[in-house]
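A single structure is presented below for examination.
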Amino acid sequence: MDYTQGRGRILANVEVAPDHYRMEIEAPFVPERALPGQFVMVKVTDGLAPVLRRPFGIYTINEARGSFEMIYRVVGEGTRLLSEMADGVDIDVLGPLGNGFNLDLAGDQPLIVAGGVGVPPLFSLAQGLIGKGKKPVVIIGGRTADDLLSLDAFRAIGIEPLLATEDGSSGYKGYVTAIMEERLDDGKIPSAVYSCGPKLMLRRVGEIAMSRGIPCELSLEAIMACGFGVCLGCVVKTCSSDGSSEHDFSRVCCEGPVFDAKEIIWDEA
Amino acid sequence: MDYTQGRGRILANVEVAPDHYRMEIEAPFVPERALPGQFVMVKVTDGLAPVLRRPFGIYTINEARGSFEMIYRVVGEGTRLLSEMADGVDIDVLGPLGNGFNLDLAGDQPLIVAGGVGVPPLFSLAQGLIGKGKKPVVIIGGRTADDLLSLDAFRAIGIEPLLATEDGSSGYKGYVTAIMEERLDDGKIPSAVYSCGPKLMLRRVGEIAMSRGIPCELSLEAIMACGFGVCLGCVVKTCSSDGSSEHDFSRVCCEGPVFDAKEIIWDEA
Amino acid sequence: MRPDLSVNLAGLELKNPVMTASGTFGYGLEFDPFFDIGQLGAIVVKGLSLKPKAGNPPPRIVETPAGMLNAIGLQNVGVDVFLNEKMPELREKKAPVIVNFFGNTEEEYVALAEKLDGVDGIAALEANISCPNVKAGGIAFGTDASVASTLIGKIRKSTSLPLIVKLSPNVTDIKVMARAVEEAGADILSMINTLTGMSIDVRTRRSNLANMTGGLSGPAIRPVAVRMVWEAAKSVNIPIIGIGGIVSAEDALEFILAGASAVQIGTASFISPTAAIDIVKGLERFLADEGISRLSDMIGALEG
Amino acid sequence: MRPDLSVNLAGLELKNPVMTASGTFGYGLEFDPFFDIGQLGAIVVKGLSLKPKAGNPPPRIVETPAGMLNAIGLQNVGVDVFLNEKMPELREKKAPVIVNFFGNTEEEYVALAEKLDGVDGIAALEANISCPNVKAGGIAFGTDASVASTLIGKIRKSTSLPLIVKLSPNVTDIKVMARAVEEAGADILSMINTLTGMSIDVRTRRSNLANMTGGLSGPAIRPVAVRMVWEAAKSVNIPIIGIGGIVSAEDALEFILAGASAVQIGTASFISPTAAIDIVKGLERFLADEGISRLSDMIGALEG
């Protein structure tokens, strides 16, 4: 539980795709301790609408600059207000929060499967894996070519992501999981799978990985009030990953956002 | 009831004194019909905090530019948000509202007594009176020199305002009403008195004018929800100005904001 | 194809489900500068009493987080002035007029209902029972099921117009109130009226309202209102008009899914005078976007 | 001179009137990364039951205008785990610990009170009576005066600790509830718990909460809470702890002027983990600025 609430300063807030923004925030307490897969809670206004903070995954961790980046999609009032914030202004940041990915999952050929705004947190994961000498394969999906985030960032670290779009406007026409299954059927078996994105995608990714006995970590989303474990609002139904104990509720903000695929009881989550 | 709700565009929003801003808004439907003493209701946010519009007196009416100006003091969340609005952005304006001053009150030597943010609406009045060939004398008061608004604007139309500050940092040390009384005692009797400013000042100005039988109009403030007569929230206790009828409640936004001093029943207003 | 927004409330046919809420739309005519009020489902006018009422001393309103408190004190011109001076012009509009009314005794309610019965152009009556019952020591008519029931029974006998009863939310169990009022003869329920609240100026140490307390309205109360409509809809068989903090078409649909057949727009009309008509347009757009042909299919269609 | 913030609630001496609200501050220790929780007037922990409780399925929370709904379902570790695993560490902090607790039967309440009685480091008990009474068909203990009175009478006999009773706002007349609970032996009242509300996703046609309804908290409910504290304070002679939508020192002072001797900070701790301690500092500043030497002089000092 090593997180801080403090003032950050917006270094950049630029539209990187239609309705998608990348924000860089100088707040040294975040990069100092952040792990891939962790998130921050930011205040989008000094007023009361919206009243709660908003959670965002950490996209890049820049210790040297004392900053981190996040990428967000404008979906409602909170993200709209965020998108209107100017460079140089202060922003209240709480983080880094959550558990983050386990970079030491089996083997050195991990597979990363990312969809929509689930892509950014997996970029810092890819960096971390490469730092450990691993060679991640990355599949990125979206509804349309515009939704495929951070491709250049992956390329800059030497990864050429495999692409899937629902409308076929870029890469494979269909879901990321089709690419994933095809690769598995071709005998390209990853040592581990990491995934972040829409709920249905996560569930399918987890099922595929588990059915082949591949270790798999999934990063979940949930509506959050506090982000640091006290409201008990963000739970998902889980069992222990060896399946031994009774099912129970786990907090996405503390026990997660990253869970072993085996832990999630989807029908009740 | 000739007012409109529509989008305006902010042409300028500049700090003119500590915590005081002048905002120019392009919204042709306001200058087209505005009278000195009328006001507008503006939305300070697209969100829900604060939820209600905020009323501001009209400072200048610029038909040629299709714009009007207002001067406001930052006192709470609404005016804070207003002060942060950038040039060029849209703002939702409802107006012009209220009755405005009667420029045809007796004689051509009117006296204008203004305090604090009550000054701006009286500037357009002064312009109007001059337009009618009258020669208004203007007394302006504030807590300190910084609070004395729009002095240059008055000077630019040929009026040298008499000044009063509570701390003596500019002009007479004390209240505007002291200057007013001194002038009356010196036999400088205005043909009519117009006033806008803090409640206690208005009350005193009205009492002085009435005690000498001088016609007097006062512009009142009230907390307003709608500004166009339907919430019944903004009332003051009044009687008809000839004192004949029963007292009753009048809406500051419709029957006012300008009232004959004789109409106001202060003890219950 | 344009979606069908029409609804039928116990025989009251409305071209769309959007009405104005009493006390927030004046006598209707005040909105003429903004839009054609004839386009609304119905117009509910400021609550009327037998005699004109001066209302409470100021300050009467104060803003609160996502809401406002009001203590207008039911100021109104009285039923006679309304019928003589406002009604003729209102009759010209194409929207049904619903008259909200209240009394301090059962007799006053009954006298008003009789007076309004059969007036040309009045489509329905809405009884506001959140008022203090003078005889019962000032306790509101609307917070005791048996008091409310007796009152509504008497009003019912005094008018042939559709009778809407507007419920107070300041009760332990809205289901009990709803059923009592239904059994006593109400044709339609409207809910909710304001929640009682208070706000204090900590520097002057005074209430921000001369009346000390006031009625809370606006988006802040919407969750309470939606819940009460949902509970009431499961308990009665008469149609419900949902009220409370509606500022958008989506907000209106929350009430409709919860079981309301129509809605009233209150505080939102202060924020934006065109709020009610904007919500009509928003509903049309929502239905078109979602491929829903009839709004009435959404009434009570909440799942789960 | 530093203003004196201390208050005395029926013998419970607090260095300042600011507590945390149950369910919004975990078991206290979660706030260690943010500030020294020993600086607070008191800490109220998440509501405890006899056995651990898993709570409701998700989604459990949703934001609303200036507020939020929650349907956590009183998830908690159970009294034994609390006493064994949390209490030892909490005892080290300098803030009095108040234990919030609830049951589904009178027997469960009594058993909990007995178990908590005399535990070293527990300064007071807070009975949450907003819970469904299993025997009375699920009606909340806190919405019927005689049911509440019987319950409190039994709890009173089972503990020598100061007994705080936390009132539900979902009642017609809070004064009746307050008096009933006072007569039954409560030492202190705390109020308000959440207002029941609901919020619907109009596209999926489902409630935003798996439990359908939830409890509304946050600034939206403050006017209702202040009004209820004011009404209760005029009706009882025991001290009151004000709760509901407090996010600033000024908000806290509204409750104190209305008659509360202390306050609890709930939802605000989610928005800003340091909210409670910031409010302590804000009170100190307010009193210094206004030249008031003792906060206790402001209790119930509302004029008008």
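A, B, C and D are the chain letters, set down in written order, and residue numbers restart from 1 in every chain.
As a working rule, contacts are C-beta pairs under 8 Å (C-beta built on N, C-alpha and C of every residue); 3 or more make two chains touch, one makes a residue touch a chain.
For clarity, every value in this text was computed on a predicted model and none was experimentally measured.
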item	value
Shared interface partners, meaning chains that touch chain B and chain C	A, D
Intercentroid distance (Cα basis), chain D paired with chain B, Å	46
Rounded Å distance between chain A and chain B, as computed from the means of their C-alpha atoms	55
Separation of mean Cα positions, chain D and chain C [Å, integer]	34
Multi-chain contact residues (two or more partners), chain B	48-50
Sites on chain C at which at least two other chains make contact	65-67, 218-219
Contact graph of the chains (line, ring, star, complete, other)	complete
Sites on chain D touched by chain A in the complex	23-26, 30-34, 46, 54-55, 57-63, 65-68, 70, 72, 75, 218-219, 247, 267, 269-274
Chain A residues within the chain C interface of the complex	48-49
Of all residues in chain C, those that touch chain D in their complex	64-67, 69, 143-144, 170-173, 195-200, 202-207, 210, 212-213, 216, 218-224, 226-227, 230, 245, 250, 253-254, 257-258, 286, 290, 301-304
List of chain C residues in touch with chain A within their complex	65-66
Chain A to chain D touching residues, read off their complex	1-5, 43, 48-53, 92, 94, 222-226, 228-237, 248-249, 268-269
